[in-house]
Amino acid sequence: MRGNKIALAIVSAIILFALFPDVFSPYDPNQINLDRALETPSLKHLFGTDNFGRDILSRVIHGARVSFFAGVTIAGISFALGTLLGLIAGYYGGPADELVMRVVDILLAMPGIIIALIIIGILGPSMPNLVVALASVGWVKYARLVRGSTLEIKEEEFVESARALGCTDFYILYRHILPNVISPAIALATLDIGSAILHIAGMSFLGLGAQPPTPEWGIMLRESIAFMETAPHLMIFPGLMIFVTVYSFNALGDSLGSRWRHYGTLGD
Amino acid sequence: MALLEIDGLKVEFFTEEGVVKAVNGVNLKLDRGESLAIVGESGSGKSVLALAIPRLLPVNARISGRILFNGRDVLRMSEEELRKLRGRKIALIPQNPGSSLNPVLTVGYQLKEAISLLNGSRRKALKDAVELLRRLRLPEPERFMKLYPHMLSGGMKQRVLISLGIAGNPELIVADEPTKNLDSMVRAEILELLKEIGRTTAMLFITHDIQAAKICDRVAVMYAGEVVETGSAKEVLSRPAHPYTTGLVSSLPENGLIPIPGSSPGMTSLPEGCSFYPRCSRAEESCSKKKPELRRGVRCFYA
Amino acid sequence: MEYLLKRMPSAVATVLVASFLSFCLLYFAPGDAAYIIITQKLDEPDYEAIEHFILKNRLDLPVLEGYILWLSMVFLHFDFGNSLRTGEEVLQEFLVRFPATLTLALSALLFAVFLGITLGMLSALKSGTFWDSIARAVTSAGISIPEFWLGMLLILLFSLKLGILPSFGYGSVEHLIMPTLVLGFHLSSRIARVTRESMLDVMEKNYILAARARGYTERRVIFIHAFRNALIPVATLAGMDLGHLLGGAVIVESIFAWPGVGKFMVDSLFARDFPVVSGFIMIFTFFFVSINLLVDLLYMRINPKIRVTWHARE
């Protein structure tokens, strides 16, 4: 599908920006240059400059690094923790399952932002704390997904035969069950990166995540509010970046999800 | 004039794996008030035939031939004309009562809907619905109408489905495998009901169970998309002519449960010559070269 | 109803956990809250006042005791303490602002449901065509666009450039329009997607073929037979997504200076007004859990199948 090639291209670009921001940024994102403040986009400054004269394009590119790594970390931790707990809950059942599901229910019963607020409130606003906050809520959907798949696969014959052959539980989980339940989880993770980036930007926008002068998209948007009327370009580009990035991750996640749905959960 | 006349019907499906010839040249005739059983195994094309008559096949189907209902070719009618036929003149009782009843509407709603839309009597709808349920021997009709489909047993669901079919007083009923998956006691009851309905209304009874065919006047046996034998129910069941029919009858429990060797052909690769050739005990070399015509009710060189 | 009783324990557990977390927030808040607040007020530390403050807000007890005490205050007297900034009772502050948030949330929900179902149906019925592609692009955008950015764009366009809508404030319908759009857009996109998938799925079902076989008009088949079935997963989504909605409200309220619970809570968080934050979280969770329970009960009513399977499971 053509659309997906574009999404893939964008995601790759974001990853490149995240890994090598200095290579792609024409200027130092934090360099203040007051006599070039609030310039509209031009050939010298493709996205214009902000109220401190900092080049917006460079800041946006560095912002990709912040958002991407934070997003991947959140999605990664959620994925790992959620998959692990889901496997355990699904496979062993009984008290382990009960415990995990209770926690899941409670976490689901409270709106995520509330929990994030609590954690930020206790730990203080910063990017690492935000990551912790979002990850502590994020693992839940993986746990549910993986637990469900595990419950289904557990009943399959090849698992029974493996057990009859005397394989250890760990072996069965690792070699037989995991490969079959992991695909939808990976698709979810891709979608999750997009959603994590959105949340990071949102919380930072409120001032509860990254702190200035970090070039983060949410912060940039917050700072642009004062200049909305006089210099709208300040708010257009960071927002556009968020939008395009999340859109692409979502598109990728969607296509991964439907591709793996076709294959079914039992491998090839 | 016959009520229903099917002339050279061919139905093909275009799929990723190729063209599937589900129905490969079928000729049938049905008179008013007559009941005809179409017997065949899965893949014989009988259900496709059933769905073709009210033109309810999926979009990837290509139909050729003629289906004359009261002299008019169904395949050449407009969508609007067809819609008026369905339910009122030609009623399909679909397979699978479990999934053929709308789960969020009560039995009563679905019945009253059918009656008031197809029979034109909105005011009497409730009364007529109760009557209908009574006729189909469903207990406590008034209470029954308040139930949802998932609360009913398989037999009850089938009865509701049948009552929805006859609600419009159709001239032709096409019953698609109405006794599949029902246990034997319930099956016998449903067959009784159908027999009774078949006495007054023309009925096409699709089934895989050759024994069930005895409730009908005539029988047509289908194999690999073709009719291989037709005749009166009594005749075909007691003195089957085609080897396949013979095989079907012998495979009945009371006759020894003797199975027919082999399996039915995949519908994408029909052989030249007689389609039953690979499994036929009476086959000769020549059977595989030329296709037998339907002569005197049998499609076989050696009957 | 027995269902209610069955769900009570987990609901209560949730509220308790939330309360404990809220209390932890209050107790473990960074920086010496008392010191900071008093110093801010008086420009120089008055240790007596700080002492007094600590005692008054019971910040000197060990965690568990403090928690029990706090819990009893909350449940027996509905006393969450007082805002450190305004001096008013926390519960009061909440109740005063709650109508604003509720208005916003409900209006966004209604908007989202209408727009979402419409888009979803359009997409499903015209599947594969131009309209479908447009609808799907719009919904994909809807779930990817940051709410605050959308809000800012709308403000830029409608308030600053065109001047037809107010950019902040509360009180009239015009004030409600943009916040509703912003808050509701995301949810409407999710609803649209689920509606589309669900509808496409339902249209393939046997009972739809059966309805067509009875010669019902296509209109009837779609809107009476298919629609109701397709809506079931949508209702589930709408019910579950209350959390998202209320969460998003926090951001939307901040942008549009909508005087609701969310905005006050965030402002309080920054001002280190922790009694407010923890109190609000507590009250909020309580409402949230109750609403969820209500929604679940409602859901059981409209979906007859669930009712029976639940009873059957017992």
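The first chain written gets the first letter, and so on, giving A, B and C; residue counts start at 1 in each chain.
What we mean here is this: a residue touches a chain if its C-beta (ideal position, glycine included) is under 8 Å from a C-beta of that chain, and two chains touch if they have at least 3 such contacts.
Bear in mind that the values here come from a model prediction, so they are computed numbers and not experimental data.
Viewed as a network of touching protein chains, the structure reduces to a simple linear path. Two chain pairs, A-C and B-C, are weighed by contacting C-beta pairs, with A-C ahead. Across the assembly, the mean Cα position most removed from that of chain A is the one of B.
One inter-chain figure worth recording: chain A and chain B are separated by 55 Å, centre to centre, where each centre is the mean of the chain's CA atoms. The distance from the centre of chain A to the centre of chain C, with each centre set as the mean of the Cα atoms, comes to 21 Å.
Chain B and chain C have Cα centroids lying 54 Å from one another.
If you check the complex, the residues on chain A that touch chain C are 102, 105-106, 109-115, 117-118, 120-124, 194, 198, 201-202, 205-208, 218, 221, 224-225, 228-229, 232, 235, 238-239, 242-243, 246-247, 250-251.
For chain C in complex with chain A, the touching residues are 10-11, 13-14, 17-18, 21-22, 24-25, 28-30, 140-141, 143-149, 152-153, 155-156, 160, 242-244, 246-247, 250-251, 254, 265-266, 269-270, 274, 277-278, 281, 284-285, 288-289, 292. Interface residues of chain B, counted against chain C in their complex, comprise 54, 56, 83-88, 91-92, 94-96, 99-105, 114, 117-118, 148, 150-151, 161, 164, 168. Residues of chain C that touch chain B in their complex: 205-207, 209-217, 225, 228-229, 232, 303-305, 308.
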